[in-house]
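Both complexes shown next keep subunit A, but they swap its partner, so subunit B is in the first and subunit C is in the second.
Now for the complex of A and B:
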């Protein structure tokens, strides 16, 4: 059957291939052609000589990423923050999605959805000033209204690095959870109501329904979303780490991540060889991490693995 | 299933092959590689021809078609009348040198990125204004054209206006890459002060000459004016310069000369006693409440605080007439108080320079236009002040002012940036400013104490790794130290140690060896 059907099969799929062609072309132009630029990471780029004509730099461009003790700090910060974000996002977004799906009044459902999505649409620069309104040492809401109420001393937020992991996780969750919950919400809607009704008839509590029915059924979506997030684990939201702490020097030990480090280091140099080196390093590590986590998923639950 | 994969494999191979082909041809079009025939390279090969045999056939059309040059500079907001002014300018330059000029402006913070992108992608820029550290980076990436022979053939007006004394500061190695504008070519560090607030508190501005005099004033303000921040620090990473007399930061402050570079000995500024002293002073200001933490972190600039009436003074670089200029944009009467003798060094002169990108098609035309900017009053006044009768009018005194019914807010051309274009000294003087302001500025320039290493600038390409690593360390500590947010006794040792692991010693050694070579060549010591 196989050999006989080959031409026919191909013919049958022509419309599909045609439909695929534009996006394939897009993929090639946008995602594969620029890969040629990777060569820049290994070059000492000189515009007089052109990209290919420039001298090879070997791994020289990567050196600055590992040159200081900061290398450890920025790698640790980037990884830990992203891991924290993945957990917090996933947990809160699923909670939100389940709660939204339980709402029956259509109007309020829409209002809640918009309200939770709104922060996602606000620029980080604006968010940084919203945060500043809370944290500013002389005029901030926390130091002026909240802390005195609790009988606590004012805190110098922008010079105390210990407080920032919590602040950044909260700000980030506030901004992004609404968006992620839309994806989980649609997954939760995909769960057949009959299962839940059945379970309710059998006397299962809401918590049991969520844990035993909804979560297992949406777990493929969770896996995909988490794997995608892991692929970006070496990237970070530049605005969150640069704008929100107001680029305050004393906070670097807990707010400096790879992206901000690269930015600060190259702001004056503007060396594209070195910045591509950073980009290559980030994506290579991200790629390896995706492969590893997919391997683990495949070991545990083969049908949820991406590939 | 298997088939599909095989097919997909073939498809992928095809795509990759196509990709490779495209990328090769795209690069083949770069000016160096001759014989590019594909469509991808046509734009650049046209450029090659054009530069080889311009200007006769650039437009193909009959006679001397004017050449359009793109001139880039920064502007915080693009003035509404910008194009109108450049049309007028083009009319004039078309007659004079067969050139029309198209402006390209971006705000200052995006300027380097934007221009970098444009240069990398080969968009047309024929002359551009450029500022200090960025000048170095453009040079090391090979973006800048060597200008010496062009200046000799087309730019006599530039030499006459500025003189080689200051022009030499635009050299890197032996090549000339930037032409400084004629403006204030020295710096006096000090404070900009809200005059009315000083008078209200009986502070005699004439009695303020030093940091300690200023401290006394801060104390008065702190006591009498609740809600006012006595001094706004500066966000500048190189703020150390504002506070340490005689420091020559040699472009980036990583390895600097102290005491006007008397001994040409490059040292680690941040490990020096002068830096410690300075940091202790600002720390004491911070502890006494003269500097506000909010001001440092909010990133607002001093002007907005002056406008709101919540600041008494701000650390500033001064020049003759600076307070007047600031009064105009703040809308309040300001005074200036210098606390350090005027000095100058290569970095100061290099802070605003005109450069010609390597891949311009019309280097001669660009130089001719620059020549006009330095020697032709009409061109200079257009760029600095706009169109006469529309954006300004000449008063009987010979000074200029807004025409009837026009104000700073409504004027279509309010760049107020004569210092950015060529020779400021041949432009009009604004009403209210001293009529002899340009003579005063010229004297200020000539009398400023020059760093011993004046004219030297270093090429950072051998220490890029260390520079990137050190820049990070500096941005972690410098602003907090110069604004007193952290205790210098603990922070500076930490800072210095981090700089050392980041390789500052290598930068210092590199600077020293380049400086020694330069000194030997120029007979300094």
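Now for the complex of A and C:
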């Protein structure tokens, strides 16, 4: 009885499997084959022999990569920028979310929310135009209008690496705070208003209500968002580090991150060995970090764990 | 009745939010004003919110020599349309079966989708696969297929939506009435899934409209440039020439590149559709982002 019903039961689902087939095929091509393709980091790629037919190089590519100063610089930059981004944009996003949720004027609330989200919807190429309008050394708004007003000398922004940590943190916050504040805003909406009303009746000031009630109640969301961001700390927004500094060579010491290094290695230098080694380094360490951060989330808030 | 403290808090909050909004809008204002400025004024005084002399020459130039720009615009529109429709098809056709709790192998398949969010091969293998084995270099497929056609994140969100908001009984009764799976999908799931499908459509559309990455990697022929890639090229060419200005004839070449205002005008034309559509869609965007917010 059972053995007869099982194939029939499966047969019923054939249309559903067929429905999924194109999407699954896409995932295999776009995501899974490249994962196996990571082995080229251990190869000495020779297009004449074909990629899979190329000779094995062992750890040669990695030896070269870690023998250079670059490996250290790109790792440092990737980590420090992400840490700075997480601090700055999380702090600002929470501020905006709390303020928005306490505003009583409904219409202006909506206007503020959509205006601050706007930068998130713009491409990094356009953002690099916007930044260039401010920073361009001969026609930029800062050098022509702002710095002379303050009695300061013009700055050659695109050749001075020391300025870029601050610039990139500002651009990242400008682009992402509106988006993140929506996530924190929906967390604040989950806070029961009755707690706040009670506290107000007891004479708590607004700041006390925010610090003592709202923040503790949304802290699980903050923790999770930060941990998820830490899980992605080995990756960067490629456009932010490539487009916004306009791929300017003199800035590499403070703008080169793992993602841009891999890109330049492959597309500009044609050094497949080095760039695939850096790519595997990023994928592997990145994966371990996601697993660790998820493990922590699962300990703290089981239902918010990714898996 | 509002207390004094409450009134002060509201006023200060408005001031902060107006400041934040201004910070978000001002760069766009500078871009738009620059595109309406006389080119020589910009060369002499730099970009300014209050230019000495306004001018429409940038837009006049765009209209006169619009062939390449129109072409790039057409490519962007085509890629966005085809890509968004393809993305919606692949996303819904994967999310719906995964939402069916009775589907054998559902857990394993869901994990297969989910795992792509945790681990990926990165640029080098992806690039080599697409160019040497699939031959997408310098083709429309190179702009549409890599990376953007399916996003595991939205598959998971949509699957949850179908699971929570389409009652099992609806599907079961349709099955008893003899409806095929395809018919259930088209006539029940798609109509009932409208809100989430609209959200995915919006985000996929924006991703395609804004994409310059695929263009930069897979396209080198200028007749396939999208508007974003055209903008990208113009800025990097000028940067390149300025940093190598000792090069013979560079100054001459710079003078032939469309002026600063023209670049600004193209950038304005590039974000115009977003700025026009956004006020009507802003609620959907906000809701779409809030869906993904982790449960509080």
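Everything below uses one rule, namely that the second predicted complex is superposed on the first by the 206 of 307 C-alpha atoms of A that agree within 3 Å, B and C clash if a C-alpha of one lies under 4 Å from a C-alpha of the other, contacts with A are read in each partner's own complex, and residues count from 1 in each chain.
The criterion applied here is as follows: a contact is a pair of C-beta atoms (placed from the backbone, for glycine too) under 8 Å apart; a residue touches a chain by one contact, two chains touch by 3 or more.
Bear in mind that the values here come from a model prediction, so they are computed numbers and not experimental data.
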- Query: First (subunit B), second (subunit C), both or neither: which does A:195 touch?
  - Reply: neither
- Scan A:33 for contacts with subunit B and subunit C and give back first, second, both or neither. both
- Message: After the superposition on A, what does A:156 contact: first (subunit B), second (subunit C), both or neither?
- Response: first
- Message: By the touch definition at the top of the document, which applies to A:138: first (subunit B), second (subunit C), both, or neither?
- Response: both
- Does the superposition put A:10 against subunit B (first), subunit C (second), both, or neither? both
- Message: Comparing subunit B against subunit C, which has contacts with more of the residues in subunit A?
- Response: C
- With the two structures laid over each other on chain A, which partner does A:264 touch: subunit B (first), subunit C (second), both, or neither? first
- Query: In the superposed arrangement, does A:68 touch subunit B (first), subunit C (second), both or neither?
  - Reply: first
- Please indicate which partner A:51 is in contact with in the superposed arrangement: first for subunit B, second for subunit C, both, or neither. both
- Shared contact residues on subunit A - subunit B and subunit C: 9-10, 24, 32-33, 35-36, 47, 51, 132, 136, 138-139, 158, 246-249, 266-267, 272
- Note on the structure: Touching subunit C in the complex, subunit A uses residues 9-10, 13, 15-17, 19-20, 22-24, 26-27, 29-38, 40-41, 47, 51, 95-96, 99-100, 102-105, 108, 110-119, 121-126, 128-134, 136, 138-141, 143-145, 158, 174, 177-179, 182-183, 185-187, 190-191, 205-206, 218, 220-221, 224-225, 238-239, 243, 246-249, 259, 262-263, 266-267, 272, 275-276, 279-280, 282-283, 286-287, 290-291, 303-304, 306-307
- Note on the structure: Per the touch rule above, subunit A residues touching subunit B in the complex are 2, 6, 9-10, 24, 28, 32-33, 35-36, 44-53, 60, 63-64, 67-70, 132, 136-139, 156, 158-159, 246-250, 252, 256, 261, 264-272, 274
- Query: Can you list the subunit B residues touching subunit A in their complex?
  - Reply: 2-3, 7, 11, 15-16, 18-20, 22-23, 27, 30-33, 112-113, 116, 119-120, 133-134, 137, 140-143, 252, 292-294, 296-299, 358-359, 460-461, 464-469, 471-473, 475-480, 485-486, 498, 501-503
- Message: Could you list, by residue number, the parts of subunit C that touch subunit A in their complex?
- Response: 5-6, 9-10, 13-14, 16-18, 20-21, 23-25, 27-28, 30-31, 34, 42-43, 45-49, 89-91, 93-94, 96-98, 100, 103-104, 109, 111-114, 116-129, 132, 134, 145-147, 149-150, 152, 155, 180-182, 185, 206, 209-213, 217, 228, 231-232, 235-236, 239, 243, 260, 263-264, 267, 270-271, 274, 278-279, 282-283, 285-286, 289-290, 292-296
